[in-house]
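In the two complexes that follow, chain A is the common piece, with chain B as its partner first and chain C second.
Up next, the complex of A and B:
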């Protein structure tokens, strides 16, 4: 065989095999590769969680509001339901709003504190929600039946049922503490119609639901026409319905679900986004430094080899691509590992945050959404590129002859 | 070869100078060197340490650029080529053998030999076949799947020679190819290089080793960056 026989014509492909080459480089130094991959997995998991957290509360709240089936909440002030003044003519306002063409149904909502007297004489504090007008209820009966429109009946949440060992058709004695009505209303007996899930149920809290008339009775009043707020279902266009309500009752403030969410985002929810942004930046910076340091050390250990490859005809682009591929592999593998790790971490952190008082059971801080996955991938890809910039610069600007000379004399 | 004339010139250097800026003033590693390397020629460059042998080799191999003077490679002015063009020139036409081998430790002997072919876009099957042929040529067919750490110094240098021949270069440049080998092993490597040259590849070897230099048909002696002697046999 003649080694100098002519080379058969081939298509040049300087990038071919860069990933395979980078993979071999990683395998060559398993400790370094493992350190890098685990570091990216840990940082990627945190990044994933921060992305889930940044929108999680909003998405969860939107889901909660949508699941209730009401599209508009009407309050007496610019504050969200439960935070402002009552609508004193709630029942009348509901009746007039119900006549609007874009409105399908309206119900009044009023909540009072109450205690349920136990047979042993002890008391269980509960939140008594009275709903007036319409046929739709904000709770979902899971056992038994719905409260009758007339009569003294309640539905209780599972926590109440469990703590008081209640089943449908049981009787409870309820003493309300009302903002209006009799100062110290007498205890009233209610029949438990069913066990229900309340949308804003919080862990360990007692919730009780009844009709507005029954709530008034519990408060010692014949009729109570006031409401904390109204909830409205539109005929299909919530914005139009909200506009009609605002025109009919300029003294009231209708919020569509989106408007309510926007208001929440401007309020407390924004802190989570800010925390998420700060932590995302910090975690990405750590990933950037980690990968950059690992790659730089690795490249500096291989300068002689890189110079030799360059002398053998490897293009600058190719050796740069090798470094980039190595960075992409570390980040890619670490990023893939970070997803299940992040999901487990999110479940754990969600449980911790939901342990805060007053957080509804159905509300979640970490909610998966596909765009978080894409954003996670995009941010890690950008990190891989940025982290590789400095080591890429080293190999791109490597003086071949000087490096080869130094490798021998050094 | 061009017709019946003298062998074709592969490299032609004229007034080649390479200086390095130092705080105390420029240091001239190569100074006003004019020489030609023809196809099939076997040249050795000798001289004391620091006389500029390796620097001249790097200039001839287009891995370094002269401070002044011209270097024509197969009729093309090397200094006018872009980095990419010079990489391609080295990939296709020049083979390098280094004192420290610079085999990639994570690749087998065959994969190391395949590397320049892979860079040149040679299809996988073809480059595998060629690599095995080259390893057979250097007497290491049975070591194709061994990694450098499993090879002796002489074997590693033979793999490095096979790698340098991978893309059928017209010019092989070797910088102290026996510098890290014992005498017997160095002798084997020198014999292999003789064979490569005899099979048609022009060769320039930088060496301190008189036993290696004496094998060349042309010996250039350098001192203080200049060629002080150019002896052909």
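Up next, the complex of A and C:
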């Protein structure tokens, strides 16, 4: 394979000269150059954020699902977990799925609304998650210990612990509101085994976790074998495990993490991708139009100067390169400034969007990825070239003698 | 003649039985999208079952096709839905161990004689019936908060866009004013005071900004139609994505026109502070 030839010293020198010349043009007009660069920085920051937003939610959700350690979610319908019907024989389904060779572990998940009675008689609303069928838990204990497999014990999230001033080994009185079971189950006392972090914790919301048996007891039922959904860990091949589950229980719908993400992308996540595409297009068009106008006006004001340079011996190619270099400098410096600006803006916009109800604390809308950085650079480079096309055409076709005569007689 | 009467009577009886059967068949409504996908029409007989194998199926007649209420929270999901009368749904989904009349429902909507009592009513119900959770519709509407947040997000994007536009506008006006430096110098030399020229610049800025704002509104109106048409086709929904309301248009004009005028004056200010001779010098 033939190695690529290095750039000749003449080309390098011409390019360097063009950039130096463009730099002097910018420095000579500091106000307009600064404003142009700042404008590009603001537009570039928005563009960078839109690129982060286009994939941010999906990347963040994938990370969240992966961190939970379960590769497959099994539901009763085509709806994602928490959106469809319950699996009425959840515990039995978990037991039979656990026997499959490609499955390592299965647990059942069921969530009910509940209230915790405060000492002053008021109540704190909480979400009571009951987990059954295995020793793995979807939460991470940060203080205290894990709930025992038997007995009435719970773990609570930090928000609950703070609001109720709870510590491990405290006792709480909990009243559940269940879809099935007793119509108005009596309040039940639970021991707080520990304080835990829940993967889908939302800011300011109370979360409580316990075993499926304890949840059934809170619902006033001796046994409840139903589940909202099942979560499965495979022995290494989630697709194979999902296929085996679908074959074993055709009435259930297994989702691998990738399938769940794909469904989310087609659903609510699509809004952010669409808005990102629309705003990226608008932002780029805006930048293109404005840089083009800035350069065109600038070139029109310097036609006499350009004609004089041509008369002094500057080639047509060289003056065209000067205009392109000026565009590249404005967009390049503005683009560099746009990265820290965009990062700050992303933090602010992320905070705004996380105000939506039900958004987990660890989910982010704007997530950095190297691909976004490359795309940002490529789009800005294309904008710099396209914006410079018309002013480059003006200087390339400039009639030297007529322009100089106009300068003198005008 | 007797034969004819007999045939007419027989046909009448048959029609009566058929009509009775038609009337006694429970009716459903089918979403437009499901009807289009499955080729269903009003009056068609269909069977619904709760499992894929079609066990325990029940016959229904399609009484109508409906357009689902656009739901932004379900954007992208094609609504393949049917609507049943609640007793028909309960009869269809009731399992054998559940006695009739003891089925559970997910929610009950209550319309109050006096809607202002909603909070007090919900509080009283929660106190008297521990097994249920009563909430006012405004409290239950989590999606309402979602749209408040999205509105805030859009406002933030708009603020950044306005900031970028202002910077570019300033750069452009500085260049344009600079281009007219000699003309301004001559006006100063023939005796026009700086204040008079500034008023002229301000009026010019106002005119240009007004024309720009009107052009922007026309562009927004045109893109409103295109964006709605595209996304309604893309998601098969009647949802309206963009709406240029009079209040939105008024806000845009209220921001754009003063901003344009101020940018023009700000760019001219430094120029007008110089002497006429300095400005007119080549």
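Convention: the second predicted complex is superposed on the first by the 394 of 410 C-alpha atoms of A that agree within 3 Å, B and C clash if a C-alpha of one lies under 4 Å from a C-alpha of the other, contacts with A are read in each partner's own complex, and residues count from 1 in each chain.
In the analysis below, a residue touches a chain if its C-beta (ideal position, glycine included) is under 8 Å from a C-beta of that chain, and two chains touch if they have at least 3 such contacts.
As the structure is a prediction and not an experimental result, all values here were calculated from the model.
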- Query: Is A:317 touching the first partner chain B, the second partner chain C, both, or neither of them?
  - Reply: first
- Query: Given the touch rule stated above, what does A:309 touch, chain B (first), chain C (second), both, or neither?
  - Reply: first
With both complexes superposed on chain A, which partner does A:404 reach: first (chain B), second (chain C), both or neither? first
Quiz item: Which partner does A:69 reach: the first (chain B), the second (chain C), both, or neither?
Solution: neither
- Message: Touch test for A:175: chain B only (first), chain C only (second), both, or neither?
- Response: second
Could you look at A:270 and tell me whether it touches chain B, chain C, both or neither (first, second, both, neither)? second
- Query: Looking at the overlay, what does A:17 touch: chain B (first), chain C (second), both, or neither?
  - Reply: first
Answer with first, second, both or neither: which of chain B and chain C does A:46 touch in the superposed model? second
Residue overlap on chain A between the chain B interface and the chain C interface none
The chain A residues in contact with chain C across the complex are 31-32, 35-36, 38-39, 42-43, 45-46, 88, 113, 175, 177, 179-180, 182-185, 250-251, 266-268, 270-271, 274, 278-279, 283, 286, 290, 293-294, 297-298, 301, 345, 348-349, 352-353, 355-358
In the complex, the residues of chain B that touch chain A are 54-55, 58, 61, 63-64, 83-84, 87-92, 94-96, 98-100, 102, 104-107, 115-116, 118-123, 126, 133-134, 136-137, 163-165, 167-170, 175-176, 179, 196, 199-201
The chain C residues in contact with chain A across the complex are 51-52, 72-77, 95, 104, 106, 129-133, 142-143, 145-146, 149-150, 152-153, 156-157, 160-161, 163-165, 167-168, 170-172, 174-176, 178-179, 227, 231
The answer for chain A against chain B in the complex is residues 1-8, 10-14, 16-17, 24-25, 27-28, 304-305, 307-318, 399-402, 404-405, 407-408
